[in-house]
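I have a structure I would like to understand better, so I am pasting it below and will then ask my questions one at a time.
Think of it as A, B, C and D in the order they're written, each chain with its own count starting at 1.
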Amino acid sequence: MKHLRGLIGLVAVAALMGGVAQAQRIAKEPVEDYIHEPMPPGFQVIIAELEGPVFADAKGKTLYTWPLNAVRNGDLGERKNTPTCDDTHQRVSSGLQSPYPPGLELPDVENRPSCIQYWPPVYASADSKAVGNFTVVDRKDGRKQWAYEGYALYSSALDELPGDVRGGTKWWRTGGDGRETGVLRIPAGPPPAIPPQFAINQISAGRLLTTAANDRSVYVFDKDTATKSNCDAACLREWAPVLAPEGVKPQGEWAIIESSPGIKQWTFRKKPIYTHILDSIPHSRQGSDVPGWHNVFTQKAPPAPKGWTVHGNREGDVLADPEGRTVYIYRCNDDAVDQLACDHPTQPQVYRLAVCGKNDPALCNKMFPYVIAANDAKSDTRIWSVMDINPTTGKKAAPNDPGALHVWAYRDRPVYTCARDKKPGDIECDSWGELFGLRNGFKAFWVRDDFGGYHG
Amino acid sequence: MKHNSILIAAAAAAAAVLVSGAAHADDLLKDRTIGYVLINKAFATWQSADGKTECPQGFNHGPREQFKELFEGVTNKYAETQLQYEAEIHFPGTGPEPRVFFREAQGKTALGLNLDGKVGPNDFTGPDGEKGIDNQMYRVVGCTENYRGPDGSARHFIESYMQKFNYNRWLFELTNVDSLADDDDVTVTIYRGLDGLTTDAAGNFTSGGTQRVDLNRGKEFIYSMPGKIKDGVLTTAPADITFPESQQRGFPYQSVHAWQARLKLSPEGASGLMAGYLDVERWYHNLPQQWSTHHRSYGAEPLPSQYRAMVRLADGYPDASGKNTAISTAWEVRFAQALIMHPDAPQTIAGKPAKTDIAR
Amino acid sequence: MTEITRRRVLRGVLNGGAVTVGLPFLNIFLNGNGNALASGEKLPVRFGTWFWALGMSKSVFVPKQTGAKYELPEEIASLKNVQSHINLLTNMTAYRDGNFFCHYTGWVVYRTGISPSANLQAPSESIDTTVANQLGRSTRFKSLTATATGDVRSIISYENANTPNSPEFSPVNFYTRLFGPDFQDPNAPTFTPNPRIMMRKSALSPVMEQIKDLNKVVGAEDKQRLDQYFSGLRQLETQFDRQLTKPEPLAACHPVKAPKEEAKTGNDSVLVQQRHNMMTDLMVMALACDQTRVFNMMLANPFSNTTKAGYDKPHHTCTHEEPRDEALGYQPNASWFVRRSMESWAYFVEAFTKVKEGDGTLLDNVFIMANSDVSNARVHSLEEMPAFTAGRAGGKLKTGLHIDCKGAQASRLGFTGMKVMGLDIPSWGTKSNQTNKELGELLV
Amino acid sequence: MAVFAKAGIVKAGPAVCLVAALALVSCSAPIGKDQGAAPKVASTPEPANDGSEKRLRVLSEAQYLNTLAHVFGPDVKTEPHFPPAQRYDGLLALGTARAGVSGAQLELYQKAAVTVAGLITNRERRGYLMTCKPASEKAADRACAQQFLAYTGRLLSRKPLPQAELAAFVETASASADKLQDFYAGLAIALEAMLVSPKVIFVAERSESDPQHPGQQRLDAYSLATRLSLFLWNAGPDDAVLKAAESGEILTPKGRARVVNMMLASPRLETGMRAFFDDMFAFDDFSTLAKDPKIYPSFTGVTAQDAREETLRTVIDHLITKNGDYRDLFTTRDTFISPSLAAQYRLPAPPTWTPYEFPEGAPRAGILTQISFLSVHSHPGRSSPTLRGKALREILLCQPVPPPPPNVDFSAVENPNSPIKTARERINIHQKNPACAGCHKIMDPMGLALENFDAIGRYRDTEKGAPIDASGSLDGKAFKDVVGLGQVLHDHPALTSCLVKRAYSYGTGGSAKADDKDKLDYINARFAEQGYKLPDLLRTITLSNAFSRINETPAPAATAASAN
């Protein structure tokens, strides 16, 4: 991978070559089962901590696609079979994210990398042949590139070890409402091994299992066994068994039981599953407040760092540091045609400084302080990590640099708290920034929502 | 439990109504209690037919127009234009704005209530001649299209999200009421509700729906204050309150000092004005959380200029340095009569001990 | 020429798969005077829909007069030479029934009679699918959907609740799909029957076997009912037969030149109109060649990104942001976009009049309903919504009228369409959008 | 007890109404005798009888879709819009024993079959719904096709397919797979054909001689399994019931009892009984119900939908969950309310359905006073004692009322600004005109008792200012208000016998006829002994010879209807 001018130099290329320990989490928590599709030689599937199974190339780098999506004044991203991410260094804004005009010279334009420097295409050799859903598409520069379901595949310069998914995520309503988040790259992965009646909803707490028809969360009951549902008549008034076809072939983690005469019910990981009749919003978690009942995740998100807490407020629950201060995530996607991100320490910081403290790093550090990590703090997951940051430049620093802060980070990006928050559960700085924090701004780390707001 | 206990209690009294039939206002009282749910809300902006009286220089320019005025021919660097404007929106100063001109609503007529009991020089006179109206917020928003009736964009979207997003459900319940015509001692209790609004065959919001009270996540929005009813008009004693107001993006709330309401009660509901001293910082802080600069340009709303006007026109609750922190404001509101249900035992999720596992 | 019975020809066709029928086709397949289908069946009535985005500017869209002679206000002035072929319906209502999603609820109520409970998730199949399922003759394509947005994600039709029908968005692909290699030109001598339909036909034989077994156990009266069922199977078989035989020649169907090059992508209103007109010409010819009898045309997405040269706001942003011009009483640029949409609607209707069919034109044998997603886009209102019909549906539909529907349910337009197409459905839609009444004033 | 059979009355006319009235009067006399439950007596034995007719029925759309949902999963859905059945002798279900399948309808079945077969064999579902994989996806695989088609054929046609027919379907699947070079496309072609085959669409009952009773015919095991399943679950038999038929266990009294008890204990009984009562109460009228939005703005499409659900939920909860007395349905104050109904009853109710009991002394007692009956049997803008009275007679008492004579002058009734205020004054006009009095005498009294409820079921005690008099009498028993009417209905013998008649004909798929009188009397007697409990009634019917036996001699060629 061509070494980049200063900007991405810090990537420990050596670590990658060594193919250090698989990012497989210690298999205490079950991981998502997926359909083993035929893949081109060298491709593999890696279980990412948050996103579950994702495709990766031979070196373990996660693969992403950039599907076409609408921004306010037009469409960006790639159509099927037509990769557009190329070596051009964009210099001006596209003006597609209203109300600002196009043609504004982008910040730090001289050092702005090209699209493929951030998103190295997964090239295919001239003689590569299509395999399963993987096809070969032609790039404008004449080279061939692998595509999955027609969308060209890229890896991310930000990913270091196999299992890293730092380039893009499935968590935010990615690819959904580009009008607010901009057109994001999303990790490509094999379809989950779940019956067509079900769907997976990626939320911060993990890969939540819901019904496919209307996004209703499914639940399991402590009192049930693998072969018997103990939900009696009164219980059945609030919990509806998810009906299964008469003669379905049990496979993988799925089976069916006759929970009552003539009624076939799905079981997942040896537990009969239900929907909660009183749930008021799609992919709700209100049912898990009823003692004995739990939401079902094909794969739970890794736990927050030790000692961190979760607090309730007027909309739902948010993650907080040990002192109860709500934790915020900063996200940024610029307004150029190639929609490069601007929320990683190696990327321009001017966007963040504008909305966190009117371009004044000191005010930023006062209004949005980093979450300081103890010197010996250690994260046993990849998605949470500690890093050293120069608070003035916002860039990564060496551990013993003068003034460097040892801070907590999520997906290799520092997390923040908010000076305006006074008590646990406060969300004063939620949705703060351009397009209510979804385009260039801060969102609280929402763990649960009971009213069905837009959490990005 | 075969029957929901509160249902029986509330219903036993209802039967009395059923037997008596006619929906005369007093008949809606059930053990001296009646509930209402908010169905319409907008800033009370008095408007002349052609808008010239209060906005002789026309309406304000929005972000798109101000961008041209501020930066055209000056610079076309992203960081010095778009990011600079956004930075100014999120951290507005109070100094002069040379290249842009903010239009405040002129004239002496405005809707609203007399909040300070006095008739001061800056006060307005109501269209019906009432003196001493305090509504400086009218000057701030009166010439900004977003807030002007009948279909200013922000006005429309604030109301439509109030109607369709249950986070914003807002109730008040009158208790120990002897008569809805005259009663000089009633108790007004405000709650956040949990249920949607009821609509009729034509799609209008109507009375008679049920609203459960949110004693859990909505605990912070519960307030109680005395009220009086005279000739069918309810007036409440001033009280500092907060109420939820979100367009489903951020989840902010408004904070109002000396909030009070003057509402004409009818069998179907209540309508009139509510007013108070709106906390300037909180109202302004909510704007970028609610709707983006893109949406502000729907109704040509120049946020930085608007902040300066609010600070200038703030007329209440001075801070230590003597600078007023709140601005007299009035809203036109309409409520529908609703059957309010209090859950058996107040759940206490908000007070729940901290959990550690995100995915409990 | 030896007397070749239809049966032998069919058998030949069946066994040999692709068989070039090297014999003069005319006298075998046409009836006496050569203008109706061989089976003497009346020319088929087709069902179509058309969609434009972001409603109207009421003060310059809704005519003052109702009934037959109404003057076209300026926003729909471009409809003058199709005014006699269409009906303008105003003041219809789409009921929210407790849910509302900007720019989605409105058009989904017109097309399903149900207010959707989840954004971008259809509550059921759309009306074109319902009609396509009920139509007698199953043509090569069950239905055809095309969009002028150039975007495959523009959805205006649903096969069922979870399966949208993705539209044809590129004129070149649409041409190849319609008139490419596997196009069966009804007027050409060669014909290759579709193998899947062959198999469907042969699959009926075990079904017919079963009837013998049942006949042994039922009484006399029930035997009649089984016989009726058996004749139904026969009818199904002739259905498949008809699809396996060379279609009757259709004078109106003549080969169309392939589009020179791919239509330019881009949201400028002129480009959208170009793509719309190219797609319309292809769709009309597809109908003339009886490739389908149900069709949908979508001019723009509900959140329309169509732009106007020199104006910095696309249509959707403009409807929210442009101030109402006090003098004119409406938003001038927003109205500009609606006028361009109406020009496309005029082109669409006129294209049907250019195709001769029987003693009239294709427009005489078609029912088209046209609707938008809102009435006043600025506040997403679903009251006072406008809609159109076009065509005479084989003589069952009046034309040339402006009808003030006085707040009637929007779903009544779709219900009228289904009745005119001969569907026997007692009621359509749910909750407040449920209706069982047609728009009587439209019916002959 | 004289019950009208609609077909028997040749033409409407004044004389006819008089006959109907007389018959009623005569029938009112014996009411007193049945009053009060007979002393506990050993359960009445079933009289010797030769059961019902063997019938050929068409599956209803609900039965077709329920079967598909249980065999292939709730997400294998299609909206076929089959034309609605015709109501015959009070039930749509009986129309299916007379309906045919026209060519046009068969095309709907075929198109629905294409959708269903496509869903089953698509890439997502095939792994779950098919127990085997083809050797190659590009060619036929007889063994796998055989395994799947045998399994599916058995569940869809409600009995294992004979070897020859199965072989024909497998042959079709293989030929198609080879022709289309796609195993799953070939399988879909065979599945489409099976889904439109007569053994799936029709329910052809077969009989066999009864070894214990030589010369007596009875339903064979599979036909009995199907009759039971369509009656109790409104769907085809599942694997367990089919196994009981395969082993012949279902033909033994003990075996049939086990299967029936299993089916009665299943939650699917609720689906079956909802379908039965929705049919019996003629609730399909809701699909065309519309109220004038100007007069009744609060009555929306949602209210109509919830009103239908309220009554069905009350009936199922009372009769099945609580195993209550059928007669108490007409006096109970228990019901279920949803938010939209709560607004009509002016009660608070949380979202979803909540059990609720009207307080003592409230005018709401019995399902008659629920919004469903009151709104569906009213005009769009006004209540109608006649419509309500007629509905109660025909639906709850199985007493059809002849249609009005063609030359009725409605002007006196319809003119809006007449001095008449209440419905009772309007109705009295009918009493004066002999042509009308006959029938109106048997309809209006009950309807007038319900005048305290307007056209959308809201309570009122005055109409245009005049107080409403809800008193009246039913077949000689007087009552002073609607609660009184409920009590009189509770004790009316025709109430329970009507349910028995409807249930027996719904279960056997054909209307009860003259020579069924002794069977119905037996069932009625058992029903009374067991305290008028629905599950017991269903058990009595399904375990009776009247249900399982077949009278081989087909009914006389004349139309099946005969006065009974």
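Going forward, contacts are C-beta pairs under 8 Å (C-beta built on N, C-alpha and C of every residue); 3 or more make two chains touch, one makes a residue touch a chain.
Bear in mind the structure is a predicted one, so any value in this text is a computation, not a measurement.
Asks: Find me the chain with the mean Cα position closest to the mean of all the protein Cα atoms on display.
Replies: Measuring from the global C-alpha mean, the nearest chain centre belongs to C.
Asks: Specify the chain most distant from chain C by Cα centroid.
Replies: Looking at centroid distances, B is the chain farthest away.
Asks: Have a look at B-D versus C-D and report the one with more C-beta pairs in contact.
Replies: Between the chain pairs C-D and B-D, C-D carries more contacts.
Asks: Nearest whole angstrom, what separates the Cα centre of chain A from the Cα centre of chain C?
Replies: The computed centroid separation for chain A versus chain C comes out at 41 Å.
Asks: Could you state the distance in Å from the CA-based centre of chain A to that of chain D?
Replies: The computed centroid separation for chain A versus chain D comes out at 52 Å.
Asks: Multi-chain contacts only, two chains or more: what residues does chain B have there?
Replies: Within chain B, residues 62, 64, 199, 201-202, 294, 297 contact more than one other chain.
Asks: Give the residues of chain D that touch two or more other chains, as numbers and ranges in rising order.
Replies: In chain D, 75, 300-301, 351 touch at least two other chains.
Asks: What are the residues of chain A that contact at least two other chains?
Replies: 72, 98-99, 101, 212-213, 280
Asks: Can you name the residues of chain C that touch chain D in the complex?
Replies: Going through chain C, the ones touching chain D are 95, 97-98, 124-125, 130, 133-134, 136, 138, 159-162, 195-196, 198-200, 202-207, 209-211, 213-214, 217-222, 224-226, 228-229, 231-236, 239, 423-427, 430-437.
Asks: Applying the document's contact rule, which stretches of chain B touch chain C when the two form their complex?
Replies: 50-51, 59, 62, 64, 145, 151, 153, 156, 160, 164, 196, 199, 201-203, 294-295, 297-300
Asks: Considering the complex alone, what residue numbers of chain D touch chain B?
Replies: Against chain B, the touching part of chain D is residues 291, 293, 296-301, 339-340, 342-343, 345-351, 354-359, 361-364, 459-462.
Asks: State the interface residues of chain A toward chain D in the complex, per the touch definition above.
Replies: Against chain D, chain A makes touches at 195-197, 212-213, 233, 236, 243-249, 251, 254, 258, 260-264, 277-278, 280.
Asks: Under the definition above, what is the set of chain C residues touching chain B in their complex?
Replies: The contact residues of chain C facing chain B are 93, 95-98, 100, 312, 317, 320-321, 323, 326, 376, 378-380, 382-383, 407, 432.
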